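What follows is a set of structures to go through.
One chain, chain A, appears in both complexes that follow, with chain B as partner in the first and chain C in the second.
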Partner chain A sequence: MGAREFSIETQDLTRVFRVKRREARGQTREVVALDRATLAVERGELFGVLGPNGAGKTTLIKILATLLSPTAGTARVAGVDVVENPWEVRRHIGMVSGGESSGYGLLTVEENLWMFSQFYGMRSGEAKKRIRELLEVVGLADRAKTKIYHLSTGMRQKMNFARGFLTDPEVLFLDEPTIGLDVQTARTLRTFTRGWIDDHPDRTILLTTHYMYEADELCDRVAIIDQGRVLACDAPAALKRGLQGEAVFRLTVDGDRDLGPLLGRVDGVQRFAHAARDGHTELDLILADENALVPVLTAIQGAGARLLSLEKREPTLEDVFLRLVGRSLTEVSEGGGEPPR
Partner chain B sequence: MGEARMGHGERVTARPSRLAESWRSLKVAAWLGWQIESNWTDPFLFAVYSVVKPVAGALILVFMYLVVARGGLANPLFPYIFVGNAFYIYVNGVLLGVSWAVIDDREHYGMLKYLYAAPLNICTYLVGRGVAQTAIATVATAITLLFGVGALGIKIPPGGVDWGLLAGALVLGLAALAFLGLLLGGATLLTARHNYFVGQGVAGALYLLSGVVFPLDVLPQGLRWVGKSLPVTYWLEAVRRALLGDGGNEALRALPTGTVVLILALSTVVLAVASVLFFRWAERIAHRRGLLDMQTMH
Partner chain C sequence: MAVNLRAETLTFLRTAWGRAYPRVVGMQREKSWMLFDVFLPLLQVAAYVYIYRAIGAPPEFTGFVVLGGAMTAYWMNILWSMASQLYWEKETGNLELFIIAPTSRMAILLGMAVGGIFATTIRALGVLLAGILVFRVPMAPTSVPALIGVFLLTLVALYGMGMLMASLFLLWGRQAWHIANLFQEPVFLVSGFYFPVRALGFLVALGASIVPITLGLDAMRQLLYPQMMEGFRFLPVGVELGALAVLGVGFLFFAHRALRFFENLARREGRLTLRGQ
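And now, the complex of A and B:
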């Protein structure tokens, strides 16, 4: 065939929420959660949507999963318009939201999953076999017969993850699937996700995350979004290559300092982000080229700060985000550090 | 574009019908409802909670009539009240069973959004969620009636009961209650948790307006008309005629039993159409406002 098939297509997808103003009774304020987002995800892709908290990731997934109407624009999933024919869309999709502990507490892990499979008309025996396999994957095999009100939030999240894959959906939406999970579990789920899409080239996964490492390591292509807008969309390597002409440095200086105003005045400094760490200040700099480093160091010395370390780095998606938005991804995501890998 | 559609078409051909999906939704929901209702570690506690409680509720009202109102067992109003109370157990079971599933799934279990993203018919799902409570209500109603016959001398001779009428009325009446539950469920989609009370308010209004404990005749003119337009009124009238041989409402005495059943059937159909339309409308609003995963617990 060779022709490109899009599993997910959005055109100028926009969602505006009206929220009540606290200050003024009766008045409303508009929040643009998604701002003319246009995306095309090919069949067989593991597509990442990377953005800080509040970027509009969940809103995008809710619209694609037929849970929320868009204010403007169109979206098609598995070739079907989500507004015109939501019932048809639902036959092709699966959805998992991370960071929540949904499920029927009085049912066991196995029963929760089995019940869900029955809504899709799966044969009971086949469903039970798949449930066993998936519970093995997420490390819940020994909890199959446990009522889920006995389970921790993390374990319920693992069960939910399994639920997403259980029905073998054509298009699967994973909304921050590893948020809040321990490092080991998160890694297991990522490996499984990657393996699943590799084994099922006719399936498609759209995964949102605010972990730049997750997007980089896992996804075939990544859309970077902020404040509802798609700022860039490409393979992680290509996004990083876009910064090749520029030089990325990480500097540590002593003390907790605000060097912002100072660095803003230095020629050749494209973007910078700084964070306090262990009583020092860590600076990430994107410079037009390496020559700009000398004036930066001069300026820092002039401010009386002492340089503790200096490192030239390969660009990461974090730098791509910084370049595009002018803020660092971790800075704007609350509680937001990258988890250890 | 054409190619993209063709590619997906392969899978689409195997698609199940809406009817099959609706039936599945009902079946699985009934299973779930039963698991939730019966999931007591102690079967004795389960029996006490689900059967003894409604029976006691019905009997308390009967004893209030006997003691507080100093009504007599021989008063023709007594069987009227007794049967009304026994069958009112269904109102709580079915009506609230169906409509509260919306709040429970949305806020307690956090599952409503996953149900909405799945290929199921949410209307038959909600009705299915009420099936277990309907079964439990049936046991409770039967026990209440047996107690009335055995201990309080209510005369329901098995040979004198019109079983066909009873069965027909029961099916129609339970359908009417289920659709009323759906109507309430639609309202619940749009509102916060406090809709628990709205459900009880509706159940209470039915108690007063449908001739559960006192005949329509004692209602003021305006309210009597409200009562006369409710299917539950005709349901109870038909049930009383089947069990006691007399409906007890002067206002309906002129109607032949066939007409009572016909009105019950027609009003149930009208209610069904209105409920489904209202529910679909509420759904659209909920989609527009993003209410399907609303959390109003705290």
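And now, the complex of A and C:
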């Protein structure tokens, strides 16, 4: 009694891909997409996997969803080994991916959803009732009879969301579900996701994202992943608390400047990231303490740069990522890190 | 156990109907197919009809061609909407959803086949009726039930072959397109779509019999034009029926095995989710 129930458990999960070398015909090289990832997600959790593009998030989901075999390590979903018994795993899972274009354009929204419900053996009447309810919830009820090739990207993703929740899966995988969506649609889907898990404490969601804000707002716990490795795993607040002994600042200086080498030499600078924005340079700094700010400002002034703004911030998951990896999440995700709030 | 079996059977049937549905309703929503799928094949049929007429061939030869022209729709459907279909499903993201669904892959393929047969039969009927009306083709079947039986058995064997090919194509990427292209015209030739296959010689006809349409067409022509086919028949109708049954069972059996094998292989190699390869 009292033992924690894990919906998802991975132990040293590894996936290596062989890819063709461009420069040498016929030869391959190995790419480690997932590197000994160990995770345990409790039943009832909305668990986030945060990392930049190419960090291994999708590879993790594909393995858990039985679409890809691991090279080494083990994974269990709903207590079932994904390699030994993928068939049984599939009875417990659902999946929605961002930017998905599944379904058939000639069918309407409700016909597409009905078709997928049939693959789960749902009775037609029950499926149609559930489809109406879900379309209402995601705000797509007025498009139920629209052929899906007439839908916008956001509407299509709402339909995909409805599909994912249609069968009330025990474990649901959401792979970058709000990628490329407008602010309003992303907010609708996030609100729905949080509401669903709150209403269904016996269900579990694993959500991957490279939007720091999304992971922070939605998830009970977050694993930070980069280059296939799990670097940290805890509640967002706990991860941010880990930075409370340090001082987090955002500075803006004039011009597009590479201040990296300069800041690297200043005592007390733990980590920094810089990005050009609107003709200026934005610097995110994690300092050992507030006293380190003076030498930073002196160094910047010495380099001939003019300080435009200075803000002391509460730590965010972006700062946690910067602290762990040495690069900012936004920088690594090449512009994809701006959250559609 | 009984409940499980019942539930599994229901899921199988629902899956098959669910996957057949897009093909069944899709036809009614894209009326432009009439032009491409009836008028264009009819032009090709017309070329052969006029050649036969120019050389003074008996009118039954027109019937051979029109029947062959109608059956080409099925072969096209096998190549482009069965064999290579899982490749397209992968590109659109449907394949991943098919794989993670707790249902039989054979049910999905069966749904594709049933939907394909429905849609293609309407096209084939269009070609057949247009051919009969335009070219005044004589039709005098010796046995309508036997004719229907041969036709249905041909479809079972043909779509069994399509299912087997679909499982092979599961592993391939863009090559699927080229392979389908490669199979299209040669099969039109060696299966005797526009002439009795015996004209190619017994051995070539025997080799071509791996494509069930070869035997099916020959048997249907024998049942429609018994006198004319006396000099051209490849094998007796009974033998062809037996061979079609064996092909049907064999293809379905191997499709089932191959699907499982290639799905596991594709999962190991990461090809189930790799798009644009």
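Here is the rule we use: the second predicted complex is superposed on the first by the 336 of 341 C-alpha atoms of A that agree within 3 Å, B and C clash if a C-alpha of one lies under 4 Å from a C-alpha of the other, contacts with A are read in each partner's own complex, and residues count from 1 in each chain.
Simple rule for what comes next: a contact is a pair of C-beta atoms (placed from the backbone, for glycine too) under 8 Å apart; a residue touches a chain by one contact, two chains touch by 3 or more.
Bear in mind the structure is a predicted one, so any value in this text is a computation, not a measurement.
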Chain B and chain C placed together on chain A: clash or fit? clash
In the superposed arrangement, which partner chain does A:Arg90 touch: chain B (first), chain C (second), both, or neither? both
Q) If you stack the two complexes on chain A, which partner ends up touching A:Phe6: first (chain B), second (chain C), both, or neither? A) first
* Asked: With the two structures laid over each other on chain A, which partner does A:Leu67 touch: chain B (first), chain C (second), both, or neither?
  -> both
Could you look at A:Phe192 and tell me whether it touches chain B, chain C, both or neither (first, second, both, neither)? neither
Request  = Examine A:Tyr213 and indicate which partner it touches, taking first as chain B and second as chain C; both and neither are also allowed.
outcome  = neither
Footprint intersection on chain A (chain B / chain C) at 17, 62, 65-69, 87, 90-91, 93-95, 97, 100-104, 106-107, 111, 115-116, 118-121, 163
In the complex, the residues of chain C that touch chain A are 7, 10-11, 14-15, 17-19, 21-22, 25-26, 29-30, 92-94, 96-103, 108, 267-268, 270, 272-273
As the complex stands, chain A meets chain B at residues 1, 3-6, 17, 43, 62, 65-69, 78-80, 87-88, 90-95, 97, 100-107, 111, 115-116, 118-121, 163, 170
Listed in rising order, the residues of chain B that touch chain A in the complex are 3-5, 7-8, 11-12, 15-16, 18, 20-21, 24-25, 27-28, 31-32, 35-36, 39, 109-111, 113-120, 284, 287-288, 290, 292-293
So, in the complex, the side of chain A touching chain C is made of residues 15, 17, 62, 65-69, 86-87, 90-91, 93-95, 97, 100-104, 106-107, 111, 114-122, 147, 163
